[in-house]
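The same chain A turns up in both complexes below, where it pairs with chain B and then with chain C.
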Partner chain A sequence: MRSRMAALVLAAILTVGAVPAMAQNNAPSPTGSNPTAQSVTEQQVLEQLGKVKGRGAIPDPKEAVLEQPQGREYQAFHERLLPWIGGIVILGMLIALTVFYLVRGPITLDERPTGVRIKRFTVVERLTHWMTAASFIVLAITGLNYVFGKRLLLPLLGPEAFSVWSQWAKLLHNAFVWSFLLGVLVTAMLWLKDNLPDRYDLEWLREFGGFFSHRHPPARRFNAGQKLVFWSVVIGGGILILSGIVLLFPISSLDINSLQTAQYVHAVFGMMMIAIIIAHIYIGTIGMEGASDAMVSGEVDLAWAKEHHRLWVEEEGARTPDGPQLGRTVPAE
Partner chain B sequence: MARMKFLCDSNRCIDCNGCVTACKNEHDVPWGINRRRVVTINDGRPGERSVSMACMHCTEAPCAAVCPVDCFYTTADAVVLHSKDLCIGCGYCFYACPFGAPQYPRAGNFGSRGKMDKCTFCAGGPEPDLSKAEYLKYGRNRLAEGRLPLCAEMCSTKSLLAGDGEIIAQIYRERVHKRGYGAGAWGWQVAYRETVTT
Partner chain C sequence: MPVIVAGIGVAIVISLGIGYLLYASERPPVYRTAAAPSVRIDHPGDNLVGPDWSGLYKTPPQASEERQTASKED
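Entry: the complex of A and B
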């Protein structure tokens, strides 16, 4: 009798296949039989597969997931971990920059401006930069609204107005991905060559760009710091775009857990990118004298160029995509 | 007040989908939205088991926690409801829900999901009880009429129980004791952080 029972259980396990079944350990019933004895229990399925899936009458694969306890992990991430990550990286960056500004102050020109203006960025480069920048700022503000909006804005605006704003924020967040995508792609194409690592990068990083030493480590068209921003935008922006597009198309073949993973990646990279871009905005505006000219008028003073991008002037003749502007009179040493 | 819960006795569920049909009819749920569904595990194989599932009206509901516009609220009966006027259709509640309860009228691309819809435990929404506006957005408010959810009421095998958690747990306990077996209350641990000890 016992061996027969064991054989039955074994047969049940073998035939069931996908979801191993075991007999339930309940007291014998008054009728002496348990018609569902072979059936799986919730605990077994969750232990072995992590979630409960089956066949539903509705022809939609996501309706066939009966239970995914990972939703509770998503809740913990979204409500406890993520606001802290965002708060620490963004506020941390703002505090660090404020301290830097108070201690070091803006990076000024050592020499007096020469009055000679040389082109630093062409119209195409500036348009690309500002399209990407505008898209990113819209995406960042509307993205932050998903996390911090209800904590900061909702008490001020009230539920109805905040909902209307959030509805628009969601539409903007979903729409501006395309201009951001175009911006990141063109940025990568325009500036990839000038952002490949070179032998001056380590020195630049070691001296932290000379921000503290008041020296100016040599740099070509882009210094190591700018290269880091470039690669952050290309790689970080790329990851944001990919994970965001996955979330934008919820009927994709991805299951619920992949969508949660996409959210984790999207949110964490989003917070980090916002912090990086805040630093980028700082150094491009109030942090450095003469830096904003490059992206606004496209032209910088020769003195600025010589101080911050000496090799760009000396070796490359202040080359832009339109070609060198200065005669290559001073060869590389 | 009662703490409302659902309990599906999976030893009894026969996958007839009567609960699904009752729900759709009672609330005039639009095409494509299923507030309740039956999932069969090991379908067609020995040891197959069916469980009827809808919103479990969780304790510390994940949907309510992650909602970026805080459109959820919990009634005095611990029923988790939401306001379709405030919902922006972002889909976060769907990622967070352990039971796949949130439904969207347009599960479409470009994030155009429309306002979320889910089981209300037949308790309507934020509009005045039994008003037309409430019916159009959330379906019938049976709780306000003094009735319990129709899915459980129409369950042909009385597998699905709905009502005060203490009472339905007691019914289930007595049932398990009488027949000698029971597969437990599916989803209770995740939803309510407790199980029915039998």
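Entry: the complex of A and C
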């Protein structure tokens, strides 16, 4: 009984003592502000960051967006996700090609060269190819600078030199889109007919071009691998050009949120295109014996043409836009 | 090889030609196109900081430095 009374008294003392302390916590500070209450308010504001939007009084609604939550997502994409995407896609392709080269080696001719040279590409085709290629290389290097420049070049060049380079890179990136655009359009017109899918493409893909089996699946003027590169350039390049021109004239047609979407598309397709063109450059140079002749001199050995494009030689008489060069040896189907 | 050089040359001529034309074609700057009647944001450098602004950012004194200065004066 005595101990129960002592407990009650102790509880009463603690309760009475706690009331002033609680009142003291809720009382305003001498400066008139309550730090605890302020921090709660800030937390509430922070929780609204995904929803808060701000618009200015500029008459054009496309320009009036002052603040929008998608900007944070875009920043996270550009600063964190995109370098990873680019690194994985481009380095992955380089590693895959290196492994392929080490395992398979260059694709050589099975037959000895005949010494008979036939035209593979006309002057107009090669001029268009090299104009598009030069434009793409400039666009790729200057485009990669947007993503990797400050991470890789800035520590090497220093801020002043990197700033000068980046300003020029930006101007070049904006300028070379026009020759790339012309190149893609002319390429599409020149080679569309020869790049339409046919029944031999599946066989070529199934055998992976015979790269490992050392067989040569039949192909017309372009095999399935070349057709994939063609459609990547036409479709992927077209998407890059459209999204790039939208970004080149900001706010003229889209608001900031749509421009960020265009930037997502432009950056991802740009990385994919760079990886595809790296593979194209590999197979056109060190990857396949005699392949570079087609675009450098415009002529290839007849043995090379028969091995890699048998149907082009036999059915189509090695036809180019200038017409067939050989008599058909097999009736066309 | 001449075709490669010619292709690169054509790319340079087209790109720099069109790029220069677009760059040179004067477009009104954003502070002019975005001006609203209720806000004066024309003539940058004049309206907010004055024409004599050197462009150097002056760091405001920290609160602790102000207190130290005040205690020294006391």
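Going forward, the second predicted complex is superposed on the first by the 265 of 333 C-alpha atoms of A that agree within 3 Å, B and C clash if a C-alpha of one lies under 4 Å from a C-alpha of the other, contacts with A are read in each partner's own complex, and residues count from 1 in each chain.
Note that a contact is a pair of C-beta atoms (placed from the backbone, for glycine too) under 8 Å apart; a residue touches a chain by one contact, two chains touch by 3 or more.
All of these numbers come straight from a predicted model, not from anything done at the bench.
Student: Determine, under the contact definition given at the top, whether A:256 touches first (chain B), second (chain C), both, or neither.
Tutor: The first partner, chain B, only.
Student: Just to be sure I read the superposition right, which of the two partners does A:243 touch: chain B = first, chain C = second, or both, or neither?
Tutor: neither
Student: For A:226 in the superposed arrangement: first (chain B), second (chain C), both or neither?
Tutor: neither
Student: Of the partners chain B and chain C, which touch A:195 in the superposed model: first, second, both, neither?
Tutor: In the superposed model, A:195 contacts neither chain B nor chain C.
Student: So in the superposed three-chain picture, is A:146 touching just chain B, just chain C, both, or none of them (first/second/both/neither)?
Tutor: Touch status of A:146: first partner only.
Student: On the A-aligned overlay, A:63 touches which partner chain: chain B = first, chain C = second, or both, or neither?
Tutor: both
Student: Which holds for A:134: it touches chain B only (first), chain C only (second), both, or neither?
Tutor: second
Student: Which partner, once the models are overlaid, touches more of chain A's residues, chain C or chain B?
Tutor: When the residues of chain A touched by each partner are counted, B comes out ahead.
Student: In the superposed arrangement, which partner chain does A:174 touch: chain B (first), chain C (second), both, or neither?
Tutor: In the superposition, A:174 contacts both chain B and chain C.
Student: What part of chain A is shared between its chain B contacts and its chain C contacts?
Tutor: After superposing on chain A, chain A residues 56-58, 63, 174 contact both chain B and chain C.
Student: Please give the residue numbers of chain B that touch chain A in the complex, ascending.
Tutor: 10-11, 15, 17, 20, 34, 37-43, 45-51, 53, 62, 65-71, 83, 85-92, 94-100, 107-111, 113, 176, 178-184, 186-187, 189-190
Student: How about chain A: which of its residues touch chain C in the complex?
Tutor: Touch list, chain A to chain C: 56-60, 63, 123, 126-135, 138, 171-172, 174-180, 182-183, 296, 298.
Student: Can you list the residues on chain C that touch chain A in the complex?
Tutor: By the definition above, chain C touches chain A via 1, 3-4, 6-8, 10-12, 14-16, 18-20, 22-23, 33-34, 36, 38-39.
Student: For chain A, which residues are in contact with chain B within the complex?
Tutor: 11-12, 15-19, 21, 24, 26-31, 34-43, 45, 52-58, 62-72, 74-75, 78-79, 145-147, 149-150, 154, 159-160, 162-163, 166-167, 170, 174, 247-251, 256, 259-260, 263
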